[in-house]
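Two complexes, one shared chain (subunit A), two partners (subunit B, subunit C).
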Partner chain A sequence: MKAWLPALLRLALVVLLVAFLTNPGWFEPLLKPLTENNAPVIYNQGSLLTLTLLHLRTVLLATLAATIVAVALAILVTRPAGAEFLPLSRSLVNIGQTFPPVAVLALAVPAVGFGEWPTLIALFLYGLLPIFENALTGLTTLPANVVEAARGAGMTGWQRLIKVELPLSAPIILGGIRLSVVIGLATATIGSTVAAKTLGEVIIAGLLSNNLAFILQGGLIVAALAVLIYDGLSAVERYAARRMGREAE
Partner chain B sequence: MIEIEGITKRYDATTVVDDVSMVIEPRTVCVIVGTSGSGKTTLLRMINRLVEPTAGIIKLDGADNRSVPGYELRRSIGYAIQGHGLFPHRTVAQNIATVPVLLGWDKDRIKARVDELMTLYQLDPQAYGPRYPHELSGGQQQRVGVARALAAEPNVLLMDEPFGALDPIIRTKAQEDLLAIQKRFGTTIILVTHDMEEAVHMGDKIAVMDAGKLVQYAKPAEILANPASSFVETLVGASERPFRLLSLGRVRDAVEIGSAEGEAIPGDASQRDALAELLWSGRPALPVKGTDGKPLGRITVDGLVKRAARPA
Partner chain C sequence: MRGAPERPTGEGVNIRFDKLGVVIAAIAAYAGFLAPFATFRANRIVPGQARSILEALPATTAALLLAIIVAAALIALFRTPLVLRLAASVVTLVALALLIGVAGTFLTPAGNTFARVSPASGFWILIFAFTLLLADVLTRLNLSPLARVGVLVVAALAISLLLMSGSWDNLSILKEYFNRADSFWAEGSKHVTLALGSLAAAVIVGLPLGIFCHRVERLRAGVLNVLNIIQTIPSIALFGLLIAPLGWVATHVPGAAALGIRGIGTAPAFVALFLYSLLPVVANTVVGLAGVPRAANDAARGMGMTDRQRLFGVEFPLAFPVILTGIRIVLVQNIGLATIAALIGGGGFGVFVFQGVGQTAMDLVLLGAVPTVALAFAAAIILDAVIEMTATKRRVETA
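Moving on, here comes the complex of A and B:
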């Protein structure tokens, strides 16, 4: 009885989210009490569905780029030849994380103009650290005698990386990606302050016109996306961990 | 032939392997014994260059082992790592196929070889081939580790405590299988073990290591009879010596003329087993039969006791 309850809740959330995005009108009575003076209840300056898809696209692109760069960097600094760059790359990535995304946006706009780019840059920088740290952990905590066995079998450095080290680190790297995506989903909303098409637009519109219904629907969609994607990626991660024989960890 | 010439390995100031020289004849089994930390694994790993020596040369069939790239050298040498080291994300069949895949064998040949080895090690290819290492028992994992080392039919096989996790029955079986494979393919085997019993049983020669030095390198009978130092004597186990000496000989070589009552013992059983049987059955003598079942003579307690005594 307990086992299917979470699955049922998730399913309900998916159904609710899809229903809201495709037929927001159905939910008008629910949100009506939150508005005053006959203000519009459902966001009316664009389709919620389109905004959601654009929001997801921005996060996806930024995370993809962050994953490629972070994993490549982690691979580089865990090779004997790149070991001396470990401290340097660590601090670089840390700066990316500590720099507030809003400041990144402000700095990026003069350089690349308004639109999606400043947001992509901010999300990319913000997403690097969790993926890099996890990839580093994954690649440096591999079972020593498995890696030695790979060497003993006559694999070249490249073959060891592709056939053994990356697959065995995959679950941990996925964990980093998951964190990065969830942070990115929330952070992407502020991109709308510099004209990126994200769900932040709905929230900002609500703030400007003092419309609580807008703020709530924008926030709830982002939250629902975050929960579902977090769950989905956790499941992928567990599957990968099982496949890599690392479930005990 | 493996020629180890003045091999030394130092990590910073500590010398882990100290000026070791020895020659391992082709198609023989050389067993390395010694206490923990005496440098056995390090010496073994310098043969396939998983560890680069600080000084000295190792030649394989006359050629310096540094004359080919390390990874190529290692594909030609079987290596069963201490504690199996199976790839957890690959099935048993994929694990065994590792080196053949690296060598670019075609699919059918790989499959045939994997099936052959799994059958040899009593792992049904259908049932166990698709399993992952964590779905096997410790002993099964170890056998897969050995099968992986053997997969590409290497001429030289390095084995680091390959039978450590096996129960006595499977262990004896695995030793017999390995010796059979060794005879059939003429493999040169270098095997590290802590088990003196295993060393005496398996080794054509035994190398005893102590604190990085090779203290004795000789035939088992010689090591038992004339230990080079008190260290070797302790390692050999003074109280076990006569029995180990007997375990080296076959009953057929101790047969005396005459007959005896009771169930006959086969001529190719070890003299140690014969003594055990004599003591247990409380008889002074037992009949001996050949492989064809014909009587060869008898074996006596007195005769065996003489043979177990320190050689002059």
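Moving on, here comes the complex of A and C:
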């Protein structure tokens, strides 16, 4: 495979996605055969672009919160003062992952009502594990000589954390964030079963009215977003790894 | 990941606090005294009224429960022996489980069949706090895999005993159950069949595919990329997209409809779960086989083993723990994803969850969610134990 081919494919995917979101009408003939009885071909109860942006906002907010909590937790349990929490926090984050998304969503409804909040809570919980695991790996596998050197240079614990440990772990932490964003993008669609404004709305409308075109456009937009964001974050990760002289996973 | 060192115990007379215990005691104090213990509703869908422990239980029982909570919180707060902490968490959890049933009976007016009593936030937070204490003790006890499965079995037996004794019969979730006991077990078996069946299919297809990818390097990237992309399709969309092709198969392939293949229902759910399951199985098989030490393979070749003998006698057993890890991921994931099958008429516990969301009847949601969480949790513990046993066995043998 030629080196430029993947880049070209990605560019084509971006162009296609932007074109579809801004001018879905252009694609009507393509999707037409999937509908029956003159049903609408393009989702007509809201703009696809708005839904996509809301979808991205939900995932972004949840991942941001998950990143802050997971990295803070990983820093805490890798300091001497918090070391005794390490085994327990590991099992807790693991247990959190066994809760099915649908159950988390449905159970969050009585506490926070219908809408965006249950989805944010579910995505936050699901985002924690990959980021926490990777942050732990990053912070516990630092090259010993570098940490020793920082200590020898008279850096305080706080300085070592900010200037040495976190930058060195950044590529691995980014890998965790990438995983949780991709999981979050797909899981957010389920949020529409409890009335969150995400692309899941398009898919559910398709399921309810037996409209295959709706299901396909909703599913494909999410899949395209996931592939592009995955690739984008992988590139950032490789860049960070090169700067830190550490191999990304 | 397990096996934390024993925390240093207090020296001399000065009292030492347990860091985690401070958190647990604070949560327990809030939940025991400030948060509602149970919710009373005149019927199943009206908003509820909160009842504290003192209002939800007969006076002496309430005092007893509060005394247990305070004592257990104090045991958690200070550095105390593990056995004492274990006893405190177990006693409190059992007391909470028994007394929420008592609250159900106490709060339901005699002869009233519409009134509903369900556990409220205080109850759930107390359960969380003392489960945290129990989890901490169990983590620090560093139990063997078999012992962990034993703890799971004991807990499951205790819960079944409570269910059969009828002490929870006045709780709302069980009233929802009694109204649809038959469909509960039917949907439950559908749920398990979907999760396990698609796992079995994924193992049957994924293992040979993984071995193939390991042997033929050119194929590897392509297959794994395709499987990766399948993972990015949201589950509800994939379930929906399979309706059309399976509907076509049902009407055009002779005998397919007789096998139960239909556009909506279990068939698309099964295929979707199968497709999601392939990546972890194939990827872990590839990783596991790649991790087989070169020396082991060379030795096997030197002994004159054929490729097939080497695969089944050397490579496969050595890669087994990694492959099992893939199977664990798939099983836990499938038990959760099978709830979504209900959206396309595939059945499973999701039926109750979505009915409950539709009727804003949260106890009906719980009736679907609690067994799903319990199944996923049990599957994770059992498979983790099996993985650890096979991995340590391997280490002992190769050491």
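A few remarks follow.
By our rule, the second predicted complex is superposed on the first by the 245 of 249 C-alpha atoms of A that agree within 3 Å, B and C clash if a C-alpha of one lies under 4 Å from a C-alpha of the other, contacts with A are read in each partner's own complex, and residues count from 1 in each chain.
Keep this in mind: contacts are C-beta pairs under 8 Å (C-beta built on N, C-alpha and C of every residue); 3 or more make two chains touch, one makes a residue touch a chain.
Every value quoted in this text rests on a predicted model; they were computed, and no experiment measured them.
Within the superposed three-chain model, A:T156 lies in touch with subunit B and out of touch with subunit C [touch as defined at top]. When the two structures are aligned on the shared chain, A:R243 is found in touch with subunit B, with no touch to subunit C. Touched residues of subunit A were counted for both subunit B and subunit C, and C has more of them. Residue contacts after overlaying the shared chain place A:A122 against neither subunit B nor subunit C. In the superposition on chain A, A:P167 makes contact with subunit B only, not with subunit C. Residue ranges on subunit B touching subunit A, taken from their complex, read 48, 50, 71-76, 79, 81-89, 98-99, 102, 132-134, 148.
Across the interface of their complex, subunit C is touched by residues 34, 82, 84-88, 90-92, 94-95, 97-103, 106-107, 109-111, 182, 185-187, 189-190, 193-194, 199-200, 203-204, 206-207, 212, 215-216, 218-219, 222-223, 226-227, 230 of subunit A.
On the side of subunit C, the complex with subunit A involves touching residues 1-4, 7, 19-20, 121, 132, 135-136, 139-140, 229, 231-241, 243-244, 332, 335-337, 339-340, 343-344, 350, 353-354, 356-357, 362, 365-366, 368-369, 372-373, 376-377, 379-380.
Across the interface of their complex, subunit B is touched by residues 143, 145-146, 148-156, 159, 164, 167-168, 243-247 of subunit A.
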